[in-house]
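Same chain, two partners: chain A is paired with chain B first, then with chain C.
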Partner chain A sequence: MPCGIFSIRGSVKKGEKHMENDILLQVTDLHTHFFTDDGVVKAVDGVNFFVRKGRTLGIVGESGCGKSITALSILRLLDHPGRVVAGEIRFKGEELLSLTEKEMRAIRGCTISIIFQDPMTALNPVLTIGDQLSEVLLVHQGMSPHKAKVAVIDMLSRVGVTEPEKRFDQYVHVLSGGIQQRAMIAMALLCKPDLLLADEPTTALDVTIQAQILELMRDIQNDLETSIVFITHDLGVIAELAHDIVVMYAGKIVESAPVRELFNDPRHPYTQGLLKCLPRLDAEETELFTIRGIVPGPFDAVSGCPYHTRCRYAKSICRERIPMLEEVAPDHQAACWIGGDEYGTAGPILSTPSTREG
Partner chain B sequence: MQLFKNLDKDTRRKAKKLFTNPTAILGFTLLTVYILVAALAPVLAPPADPQNPYIIPRLGFLTEPQPPSAETIFGTTEGQYDIFYAVVWGTRTAFKIGFLVVFCTTLIGVAVGSVAGYYRGATDEILMRITDVFMSIPFLIAVIVLTTILGKGLDKVIIALIAFDWMDTARLLRGNVLQAREEEYVQAARSLGLNDLRIIIAHILPNTTFPVIIQATMRIGTLVVVASGLSFLGLGAPQDYADWGQIISYSRNWQGLEFWYTIFFPALGMVLFVLAWNLIGDALRDIFDPRLG
Partner chain C sequence: MAEPLVIVKHLKKYYPVKAGILQRTANWVRAVDGISFNIKQGETLGLVGESGCGKTTAGKTMINLVRPTAGEVLFNTSHNCECSEYMDIAGLSKRQRRRARKMVQIIFQNPYSSLNPRMTVFRMMREVIAYYKLAPAGRPAADLINELMATVGLQPTDAHKYPHEFSGGQRQRIGIARALLINPKLIVCDEPVSALDVSIQAQIINLLAGLKRDLGLTYLFIAHDLAVVKHISDRIAIMYLGKIMEIAPRKEFYTNPLHPYTEALMSAVPSPDPDRKKERILLTGEVPSPMNIPSGCRFHTRCPLAADICRQTEPELTDRDGDHKVACHFR
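And now, the complex of A and B:
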């Protein structure tokens, strides 16, 4: 496996300091809880990862596993009753959680920006595309409206919006989904951010547009050397774009590895399940694999490993103790008792990964 | 319509609907007449003293009202005040009161409502309880009492009306803002690093103020009637000031249909004025409120 070319990793390895100045964003032990009337929901429960400069980190998981909340926590955009209760978010050496709201505003949309899933709802229906995009430059760079217009039109054409001068004066609802998402991306890139958080940016689009947007994001990364955190539930999308992947389940990271390593040698039963769910052109099965059961609800107290209720290999220890992320191969961590040292040899499926190629 | 050529299709369709809607046409026609009367007041009824045009001229000191004649086409009241002059210049008074009160109350209501709705929690509680206190006092009594305390005069009436007529707007807007703040574009605006004030003014208000504008349109008419009522009671405009309520108060001593003109013309002015604003408000709501289709 030529793992060496994928030089970034998704999770923090203790004692590794030599590449530190290469790290743009480091999230350590992040806990985000929602204090609802019915009790506390641990949406993000002890998450560690880092993003290197100019690289893409993919965060994969089912709905409700805490992916989007992680992104919102980084930008501190959580609304009541959500709150980051513990952890560190270091961005360019600065602790974001200790900044004032004003300092945070200077970062949002400027050095860290975010792209949302549905551009139709994320763009204001009563403002023109031009008004909304220019606003970023007026606020962050104090540009004159005239200069901002030039910059916005330039950025729109860079992200492949056709007839940018015309689009500048149009409203969201007259644009196609692809153009809307390109406009969103243009808005996020106007200040040339160091970090781009992409929260399922292709989910609301059809497949051909999806491919174009992914292509665009790759080009952006090459041009601007922007780091990207790409959040998705779609492993097919992440395989194309990410250098490195963390898999989340019920607010925790269950596995993290460089992209090729993860696809070739998934260690956590959940990751294996997700990969098996993908349709394959070369497979003979006529029915797709499904992971039985559902993600535990926010108020379900699951003891031990959160995945044990759905895991085919669950043993008694899985129900009793929470597995920690441990190194299972170079640059590759998984949180699973079955693959862990305690039981010596791993389960049969784990030692012969089902998706290994050739 | 050439005028709307550069607007987008939807706005153009709505504008067209507005200008072909019979209710709207009637409302706007009436309003245009009032605007013309107010604008042309110095021509229609030239003031004797251009420095104080609101002083109603007297044609004599006879107690009994005089019927319409060539000289005074609407007749005169007791004490020979010219009704035509009062109705014409009263239009200006009506516009002044209506616009000023509605403008100020809308401003207060929008400020209170948007802050309460946007920040929610304790801020919302405090502002809404204050609103409740103001709402718990009967409107007319509150206005009468406050005017009495402040003293006689149109400016005092305006202040009293402003103080007790902003609550509906605040409540209406708060509800809309509560809803709009959950929209994804608000979160997107926050993610761009905009401050709260900018988010409220540039992103939330354009999406929430339309019902407020409709409500404000309808309130103009009602407020003018209330102000006239206060003048009628002797709390508003001074004795010989051109105001519809004031001129009607001169007919308090005269019963029967013999002196119909002392009530009919000022009342007609008032009724059609209220009607014009209500028709416009109705038409705007029919066309722009999505909930009514």
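And now, the complex of A and C:
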């Protein structure tokens, strides 16, 4: 910001402040553990990230990496034996973890709402769509049932539910998967939340319906300036929607970068593996790249880097010491001992010129 | 020239919808509504479509798990498919089924629900061996099982575990081992990777491709993901509401898709490249109910090209270039 009165240092500071105001949700050193009879499971093990206003953060990883638990921790929806044991979750400057249950309830579904993976099990089967959607407005905004009905029908039609008046009185099981998911999105948007957590919202859907839902999420963001945390295991989906991405593995963030940076120059071997093993329409080879082995189980104690058991580049240091998340490029962090130098110089693995066309 | 391994002719499967006190048949769900195709020995045919298009029902009729309403599934029983001795699998009675299942096996979509949780892998497989009398005299069943476990990339000691002790990918490997046990000619793979994580999905696809190469297997590979199908199939068929809309060899199919539905399906596949701006053909609405199939071309309600003729007459699946068949008035 060019301004004569401020020294260069001062203007930098001002820039930083602007950045801070831009941040809607800041998660710092989050630890969520499950205290089971068989031992403690560290589902989320020291996670840091932030979500900017009106932007989408993608959280990527395989099942069991702690993505969903991170989302549930933010909303404090964890049930026994799970508990957030350490960390801070600041939302609009407020520390969510220190709120009372009553204060938290005023936030859930109102300023922060969530879309679950499977609408069939997340929606209530014994209430009509209208009843469960209106409830949001009755509770959070004290609307009259009549007004709520008008608002619900309006929201249903906005998210592309056909014949919203008819759907209002229908039960979940008569609707198709795509309509169910739209109804759940409508429910999440009724109070115009500042933050929308989407936990694999398209995984259970057909590709054609998935494309419709992604388009819808983009429109919502443009219209309402909602920030979105989009959780998925599908890098193809995330490439279309996210501005920033964090990659999780075994409860930790292993890489974090803006979307273009991450796809053009992935530094962590896990991210590279995830990208390479994806079957692609624009690729000719028939043999797919594979990441050997599987995600370590909750009770498997892996020393050092949690990924070393599957990593092609693992050295002795990887087995001994846990790598920290370090800056490898501006805005780009990776947690890897090899640091990306040895294989990073080979250049971006995906974006060859031929795949950019079309 | 070698005869095809399987010839499917005008296959139909209708399910009755009963209503009223007398449980009269009020309507029919036309799950599979007259499909025909061939599969050659050693070939993989990818069968793709959205949920509810009848692809799984079609797969199940191939192995006689579902009796078709009409049509035939002719299986070449001669060696190496050199001459044509065909047997209609779909028409076999319950007793004769055993013959069919010696030739065709199936791998199910969900590895969590398709393995008996109360049986160890060993018992599960030994049952099959005993039923089909697969172990020759003097050769214990254990040898056969150990060999198969190694083929699918598991440890022989794993055979004595229960299904819950395995991860999803390992369970799917067990499903594959079980299907391979009786040395079938054709394996119906019913969405074998859609319940798995991406990294595990790649492992299973490579395993299936390797087995096909090494053992000369033939697959009917059912999936909803065109990118997955591309990696394993030699030919691809697209199904919509119980009918085949397009069928073509892989290269032709992916470079020159003709049916508007195929184009829409392809453009809906998300691409892991944030710089790639695609002209997306967004299909509006959802698949109509198979109880109420639209008149004329069944895709006309969602088709960007739809015209009057599409509402009135149903297009036939006709030859274009070479092996490429399409059911569309305009392409």
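Going forward, the second predicted complex is superposed on the first by the 318 of 358 C-alpha atoms of A that agree within 3 Å, B and C clash if a C-alpha of one lies under 4 Å from a C-alpha of the other, contacts with A are read in each partner's own complex, and residues count from 1 in each chain.
The definition used in the following text is that a contact is a pair of C-beta atoms (placed from the backbone, for glycine too) under 8 Å apart; a residue touches a chain by one contact, two chains touch by 3 or more.
Remember, predicted model here, so these are calculated numbers, not experimental data.
J.: Clash or fit: how do chain B and chain C relate after the overlay on chain A?
T.: Aligned on chain A, chain B and chain C fit with no clash.
J.: Who does A:Leu235 touch here: chain B (first), chain C (second), both, or neither?
T.: Second partner only.
J.: In the overlaid three-chain picture, which partner chain does A:Ser63 touch, first (chain B) or second (chain C), both, or neither?
T.: The second partner, chain C, only.
J.: For A:Asn124, using the defined touch cut-off, is the partner it touches chain B, chain C, both, or neither? Pick first, second, both or neither.
T.: Only chain B is touched by A:Asn124; chain C is not.
J.: Given the superposition on chain A, which partner contacts more residues in chain A: chain B or chain C?
T.: Result: the larger residue contact count on chain A belongs to C.
J.: Using C-alpha centres in the superposed arrangement, which angle lies between chain B and chain C as seen from chain A, in steps of 10 degrees?
T.: For this superposition the angle at chain A equals 80 degrees.
J.: Report for A:Leu288: first if it touches chain B alone, second if chain C alone, otherwise both or neither.
T.: So A:Leu288 only meets chain C here.
J.: For the superposed model, what is the least distance in angstrom between any CA atom of chain B and any CA atom of chain C?
T.: Closest C-alpha pair between chain B and chain C: 7 Å.
J.: Under the contact rule defined above, give the chain A residues that sit at the interface with chain B and also at the interface with chain C.
T.: Common interface on chain A, chain B vs chain C: nothing in common.
J.: For the complex, which residues does chain A have touching chain B?
T.: Touching chain B from chain A are residues 75, 77, 80, 105-110, 113-114, 116, 118, 121-127, 135-136, 139-140, 170-171, 174, 187.
J.: Note which residues of chain C are touching chain A in the complex, please.
T.: 50-51, 167-170, 197-203, 205-206, 209, 224-228, 230-232, 254, 264-276, 278, 280, 282-283, 285-286
J.: Report the residues of chain A in contact with chain C in the complex, numbered from low to high.
T.: 62-63, 162, 176-179, 206-212, 214-215, 233-237, 239-240, 259-260, 263-264, 273-275, 277-283, 286-292, 294-295, 350-351, 355-356, 358
J.: Which residues of chain B touch chain A once you look at their complex with the stated criterion?
T.: Residue list for chain B touching chain A: 8, 120-121, 183-185, 187-195, 198, 202-203, 206-207.
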